[in-house]
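Order of writing sets the labels: A, B and C. Residues in every chain begin at 1.
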Amino acid sequence: MTSYLIAIATSAGFYVLLALALNLQWGMTGLVNFGVAGLYALGAYASALATERLGLPVALALPLAAAVGALAALGLAGLSARLSGDYLAIVTLGFAELVRLAAMNEDWLTRGTRGMGIATRPLPDWLGREAYALAYLGLVLLAVLLAYWALERIRRAPFGRVLRAVREDPLVPATLGRDVQGFRLRAFALGGALMAVSGSLYAHWVLSISPDHFQTPVTIVTWMAVVIGGAGNNRGLVLGAALVIAVLEGTRFLGGVLPGLDAERLSALRIVLIGVLLIAAIRLRPQGLLPEPRIRAAELSATAAPQGDHRP
Amino acid sequence: MTLLTVEALAAGYGGREVVSDVSLVVGEAELVALLGPNGAGKSTLLGAIAGSLRPMRGRVLLGGREVTGLDPAALAAAGAALVPQRRNVFRSLSVAENLAISAWPDRRQAARRRDEVLALFPALAGALRKPAGLLSGGQRQMLALGMALMAGPRLLLLDEPTAGLSPALVEEALLAVTELKRAGVAALLVEQNAREALRHADRAIVLAAGRVVREGSATELLAAPDLGALFLEGAA
Amino acid sequence: MMQLLLDALGAAAVVAPAAVGFSLLFALLGFANFAVGAYVAVGAFATWSANGLLGWPLLASAALAAVVTGLVVLACDAAVFRPLRGAPGWALLISSVALSFVLENLLRLAFRGEVRGFDLPLARPLVFGDLRVPPDLLWSVGVAAIALVAVLLGLRLLPWGRALRAAADDMALAAVRGIPVDRLRAGAAVLGGALAGLSGTLAGMNLAIEPGLGWALTVPVIAAAILGGIGSAPGAVLGALLIALAEELAARFLSPAYRPGVGFVALALALLLRPQGLLGRPVAGGRDR
């Protein structure tokens, strides 16, 4: 039971990282990303390939994965940056499918659907099974804390305030002489890097990855965490992610209540429930559990024009 | 004979009153210009009369019947058709299609009214198959007026038909508006170009800071020595 | 070469009706409905139910599926999207992705994930020189072409079609001019759904019928609609033809496994080269949230 709880907490950590990243891209900047699963997969495979094929340690593979994720996200945002959110949505969704196709079909590289075994572990082997699991949870928590701290700093920094202003009205920071496009691209790339980091941590935890692990439900669950927690609010989304994982795991036990369902139908029912929950959450509480504190215009102009050259 | 009566109307956005206690009348087949400096509340007032904005207080009567708060489509059915400011034609549809579609509420009259509109604006007859998005500014205003006429109204509510037009086209568009009188249709015309509007209107109402500050015949107002001041007020 | 074009035509027949349906839904309901793939899957299973379970002929099953899918889309619109009218764009976008998963897994609950096919008589392909033409392909291209021509002509010539185009052009003005926009929205949902349902029938003839079939078509369908200029029905048909051709080329010269990824690549190239689509107007920014 303890090891089950540790495993759940660890996998919740991966989702919190994804949700923090999505919150930077969408919650703070307003850029829709339906390719969360793709960037997650990219990070996982990049990291796995770096350790298994190139023999790098995880400590090097992780930043490498982050860089790959950042580049991919930069490309995606660059493609559709000047267009409306619908375009970015379909482009990122298509990208996630392409990553999955590549993982499935480039057998020589990824071993396709059979899955790719990963032998490199970031923590020393002399820890026992239980202790290793607990230590890995600690590692993931550390990553979450670091990411949370960094994102909170960004949110409070002038960069973050400009991002939110861009989200509300792209014209305002532009009139204050800010390079709106550059801000959005940087935010999206940073989010992509964090998603890839989550993938990398995931890969070296499960030790065997296959394209099945990176399907669209990953994206949906991440979105749920952000929507339910409250877009733009990092504290809220940690709460949201915890709630979503609790529901996800809780519904696993539906099989006990509904004995007529086989595994296939049970998993279908769970996805139906998740979908309905997300739709209901958007309808009933679009601002999330913990809404974002609003920024004041004065605060923005004070930071957005540091030289004061645009002030009357 | 009064057609439109507005009594002590107040309207605004988000609890803020932009227009207060405005009363006015428009007679049958009369062209009344609604003038005033930028931000005086002209478009807000028109929106509240036309039903695209819910009035906060006051009443709107059309031919003696209360029409306060009716949406633009219902108001058109009651006899007062709104012509919005910029997006007032279906750009991807042809001129003929624009006219046909605007007869939707009363399709049996479509053919007859179309002939009337084309007689009023012969320039449109030559461009029936042209997409409305490719019309010149003046022709576009004619089409917008024609579309409103397809519902067979007694009154048109015109929101700045000359907005964004070059000076030459302003004259063309206002001439199109005066054609309405020939068709026996009254109009309440919100206008930025005061002098030009006064040359074509019968009467004018001047709004400043949400209230009526002057009212009179067009010739009288055109001759007023303080005409310039009236429209600079609030802008200075 | 001719064979390649012929195969592309077959693939386009599957994508084009749903792409036109997506465009119609986008224009009238005002957001990109990512559940369009799930609607296609609903159509495929409705066809299969009539054809495989009840033993109806395929054409009658296809007609039934179009009606059923149209009604399903209308119901989904009433239950999910109409209450969100006026909500920011992201709320509609994400709800549509969630809806897509709800529908797919409801199908899985009802029909399980096993793979099925229609009850079609085996027919020998017609051979002209070295050109092989399977009768199925003729059938699906024929049906898609007739349906699409009917819809495109209807949009041009019928009063209701004209009203749909007017409302797609400017919803606010349509309401001011007394066009019944709410009924038009419902009509667009049914028509868009019926077209997606037809795509479902045609997809079921070429692909294995399973609940995930629709999701795999989501990207090509939306890419086709965007490529043709989002909101333009003839453009969506053209976009579908181009996507299908690119898919066949990729399948022939790269690897058939990447066929589902072609839509994305084509879209990416199109966004780089011609962001307003092939037949579309430039899109004004600022619809992000």
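Note that a residue touches a chain if its C-beta (ideal position, glycine included) is under 8 Å from a C-beta of that chain, and two chains touch if they have at least 3 such contacts.
This one's a predicted model, so the numbers in the text were calculated from it and none came from an experiment.
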On a CA-centroid basis, which chain has its centre farthest from chain A's?
B
Find the most central chain, measuring centrality by the gap between its CA centroid and the centroid of all protein CA atoms shown.
C
Express in whole angstrom the distance between the two chain centres, defined as the mean CA positions of chain B and chain C.
42
List the centre-to-centre spacing of chain A and chain B in whole Å, with centres computed as mean CA coordinates.
53
Chain A and chain C have mean C-alpha positions lying a whole-number Å distance apart equal to 30
Taking each residue of chain A in turn, which ones touch at least two of the other chains?
none
Within chain C, the set of residues that touch 2 or more other chains is none
I need the residues of chain B touching at least two other chains; which ones are they?
none
Using the touch definition from the top, list the residues of chain A that touch chain C in their complex.
26, 30-32, 34, 79-80, 82-87, 89-91, 93-95, 97-98, 101-102, 104-105, 167, 170, 216-217, 219-220, 223, 227, 264-265, 268-269, 271-272, 274-276, 278-279, 282-283, 286
Residue ranges of chain B in contact with chain C within the complex:
52, 71-73, 76-77, 82, 84, 87-93, 97-98, 100-102, 104-105, 107, 147-148, 151
Which bits of chain C are touching chain B when the two form their complex?
159, 162-163, 165-166, 169-170, 172-180
For chain C, which residues count as touching chain A in their complex?
31-32, 34, 80, 83-84, 87-91, 93-95, 97-99, 101-102, 104-106, 108-109, 112-113, 215, 218-219, 222-223, 226, 230, 255, 257-258, 260-261, 263-265, 267-268, 271-272, 275, 283-289
